[in-house]
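Have a look at the structure below, then the notes.
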Amino acid sequence: MTTFRIEELLVDVVARLIGDARHVAVGNASPIPATAALLARAQGGGRPYVSLLQSRKHNFFTDGGRELFDCAGQGRIDVFFLSGGEIDGEGNINLVGIGDRDRPSVRFPGSFGSAHLYYVVPKVILFRTEHSRRTLVPRVGFVSAPGTSPDNLYRPGGPIALVTNRCVFGFDKTRRRFRLDSVHPGQTIDDVIENTGFDFDRGGIVPQTAPPSPGTLRTLRETVAPELAEVYPQFAAAVFGPTGRA
Amino acid sequence: MICATVDEAIEPIADGIMLAVPREVAGAPMEATRALIRRGVKRLHLVALPTSSLQADLLIGAGAVETLETSAVSLGEFGPAPRFTAAMRAGAIRMLEATCPALHAAFQAAEKGVPFMPLRGIIGSDILKCRPDWRVIDNPFAADDPIVLLPAIKPDVALIHAPLADRDGNVWIGRERELATMAHAAAKTVVTVERLVNGNLLANPVLAAGVLPGFYVETIAVAANGCWPLGVPDTYPADLEHLAEYARLAATEDGFAKYLDEHVHAKRAA
Amino acid sequence: MICATVDEAIEPIADGIMLAVPREVAGAPMEATRALIRRGVKRLHLVALPTSSLQADLLIGAGAVETLETSAVSLGEFGPAPRFTAAMRAGAIRMLEATCPALHAAFQAAEKGVPFMPLRGIIGSDILKCRPDWRVIDNPFAADDPIVLLPAIKPDVALIHAPLADRDGNVWIGRERELATMAHAAAKTVVTVERLVNGNLLANPVLAAGVLPGFYVETIAVAANGCWPLGVPDTYPADLEHLAEYARLAATEDGFAKYLDEHVHAKRAA
Amino acid sequence: MTTFRIEELLVDVVARLIGDARHVAVGNASPIPATAALLARAQGGGRPYVSLLQSRKHNFFTDGGRELFDCAGQGRIDVFFLSGGEIDGEGNINLVGIGDRDRPSVRFPGSFGSAHLYYVVPKVILFRTEHSRRTLVPRVGFVSAPGTSPDNLYRPGGPIALVTNRCVFGFDKTRRRFRLDSVHPGQTIDDVIENTGFDFDRGGIVPQTAPPSPGTLRTLRETVAPELAEVYPQFAAAVFGPTGRA
């Protein structure tokens, strides 16, 4: 059996969640989602269109910083990635802070585009490698963007899954809860329960997260890694080796 | 309109005004920012469209900011913006939370001379609780369809940096279209550029497509490498070593004071 | 996406759709328009952003237009648009009166994915009486301040012409920014270009500033001199003699039929 | 005394109405206002900025067709020119048509930008060479844009004057009426009354329109005419001679 790194597993998981899409956009400082989008494009023979906001070479917007949001508002962005300093069991994300609003005990950078993109992008994939009771909480201290909205609110988009370094949660929009879909190799369901601050659903049997296939690993290491090196040199070197190849 | 020095060009940026600056990747005018801090600018209402990094952190650390309006301040791969984080935890600045497209839309409202702009999303976010100046109305074109209205943002001054300008005040901004929107929305626009070119940038149709016309521009000064240690798109990259050093030093009050002494008050040798 | 012929490229333009076309000076795709008439397109809701000349007059005269939404149709120095004028006097088409900035704003609403856009002016104009779909509300940010809201215009197809495109579907539109807004607002965009270039237009930062990215584009076909007898900005001028001849002929039904026979149905030798 | 053409008189009249301004914009097919704007710029040593929408060389907009209107909405356009198939005594203009709206007896091209620019541009100069009871009517058949608005309506702009081939009317915003300010050489007050379909105010003595000074004519013929030739070749040749010089 082929050996692989956890990053390669996560990239494969995210690429499968992307599925069939026309346009995937990835924000700044998101090497694993960016790698997954490039993998999906390599496996899809050029589809989806991939916009990496951190890159000039992989960024096709020419109408200024607003174009990503306008484009998403038009329904042209099928997949986007969000994270959170805190994420709770209803899919609410907190990018602002914890404690008194005027003198917070913890301050995060800010909400970025989440309070718009979370509503209008059909497939939002939540990604947070640190899976702990510090990050996955019962109730976020500040709702930068809510996981669900009342039926009368215009909301074609929202979360479909939460990927961590321990497992993959699917999101059930109608039950407004996460569902444990698979546990990564080396992790147990108990590890997940112990390190998750919110309740979640799970079936009787929870499968192990499927490892990336040899073909996927080859594409990743031979085709994607060199492309990635332009955008995330440190990450590409660390995961795939100094030449951008494993 | 073409000024001899950056200090002269930034004169329209008076204490207490609303100052708009672009996001960190669109060409943040750092030389002009250091000049403002040297001049001791105070009580700014700083609007970063839609986010900022070193520029906002420096101005906050230097005590130049009274109100901050933006969607996020961060040093990206170098971690949280330390002076912003410290000021927030100390309650030292007034923060107007936002989300990127809301700021873009509010600048476009000012650009179009309308009092507000609608935007989808936001409802259900606690950002609304921080923004009593944002309104929720029922969309008059549908039944039971609440939508947010954002009041226009009309800065007193927009401060931008670009690769080129000509002596008629035309500025080549290329793909960074929000720099044009900022200039359209602001009462006055102050520009630093890498260099001045001869002739008129509008005379060449290929260049003209990326030009901000001179009639929006109040002052221009040449500031070669003027975004250092940040980069200018397609022109030069950010100085990652320096940004790492900033993140290290700015983690403490004393370290930040040391940074100011070394890199701001002691005018950097070009 | 790159089509062998203009006929192939215009396939998305089905009978009865809402079709957006640019103003006469921004590159009106006349070759594609003649191809549509040859194909016998019918019942169009034609939106000219914000005005039109020969293009709208031809389509109206050919019986292709059921509804016309624009701010003005005229042949400029060659006088009134004869087929438009005749159709209006005969009550042959449904006219949605507008004013230029209202159309620009309504396209920007669709571009931003919002249901409406506010605009100053208009109140007190009889245009409002012709537009029950436009609303007047009280500005929620002020007291006793009525303002017009315009519903978003989301065309099924935007039809544009540009000087250049590459094989990735990126289109160089230069200063004619409303062509990008039309493409952003429309579900699909059909493009004719003077010529295809090798390489990627986005790879050159100077060209990139004037590029409409390919992911907005449905089909592209080469149509050299494709705006004739109108012009393309900075590329070639309008054919004034031909336009004068059109104005003469189109003054009568028979003359217009003769014009169609000579210049539309009989495919013009390039 | 220097001889001059009526066009030169009208250009001089309009240039004086422009007065001190930062930015004057002129629409399509308006040779006399365009010439007046270029004359004002020549006399102002480069000020005002002049945007001739018909010209590429004298058109500085780079944000598409919307920029003129956005710029005016920002309050950056000080002077603009409008005309009308019909103009009435309250300054209402009709660019749409006469008669039943669905089957008009007369159809004009349409309202263009008038229903916005007439409200937001501080100095709108109405210009219509044909001065007759057909064009200057008691009440327009369709109000493309009204001459005045209720006090509660946002309206920083509006008409300041109406210039015809017979006279100059000033517009009194508070009285909502035109006032006969001067009559062109060769015309009498009775000519004006006889050919005007609306009532207007006038003082006891109505002066003759001042002729262009020799200096103005020199600037017009030597400096402005050559610039104009690029934009309005036929007009420049007709008025100033084939070389663009009188």
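General remarks:
A, B, C and D are the chain letters, set down in written order, and residue numbers restart from 1 in every chain.
The rule is short, and it goes like this: contacts are C-beta pairs under 8 Å (C-beta built on N, C-alpha and C of every residue); 3 or more make two chains touch, one makes a residue touch a chain.
Everything numeric in this text was worked out from a predicted model, so none of it was measured.
Here the chain-to-chain distance from chain A to chain D, counted in touching steps, is 2. Ranking C-D and A-C by contacting C-beta pairs places C-D first. Think of it this way: of B-D, C-D or A-C, only one pair shares over half of the A-B contact pairs by residue number, and it is C-D. Among the other chains, A has the CA centre that is most remote from the centre of chain D.
The distance from the centre of chain C to the centre of chain D, each centre being the mean of the chain's C-alpha atoms, comes to 29 Å.
Taking each chain's centre as the average of its CA atoms, chain B and chain D sit 40 Å apart. Distance between chain B and chain C, defined via averaged C-alpha coordinates, is recorded as 36 Å.
Of all residues in chain B, those that touch two or more other chains are 105, 108, 112-114, 119-120, 145, 147, 175, 180, 208-210, 233-234.
Chain contacts: chain A has residues 61-63, 69-70, 73, 120 touching two or more partner chains.
In this structure, the chains touch in the following pairs: A-B, A-C, B-C, B-D, C-D. Per the touch definition, chain D reaches chain C in the complex via residues 28-29, 56, 61-67, 69-70, 73, 95-97, 101-105, 107-120, 142-146, 149-150, 152-154, 234. The touching residues of chain D, counted against chain B in their complex, run 22-23, 49, 60-63, 69-76, 120.
Of all the residues in chain B, the ones that touch chain A in their complex are 23, 26, 49-51, 70-74, 76-77, 80-81, 84-85, 88-91, 97-102, 104-105, 108, 119-127, 130, 144-147, 175-181, 233-234.
Contact residues of chain C toward chain B in the complex are 105, 108, 112-120, 135, 137, 139-142, 145, 147, 149, 151, 173-175, 205-210, 233-234. By the touch criterion given at the top, residues 110-114, 170, 180, 184-185, 202, 208-216 of chain B touch chain D in their complex.
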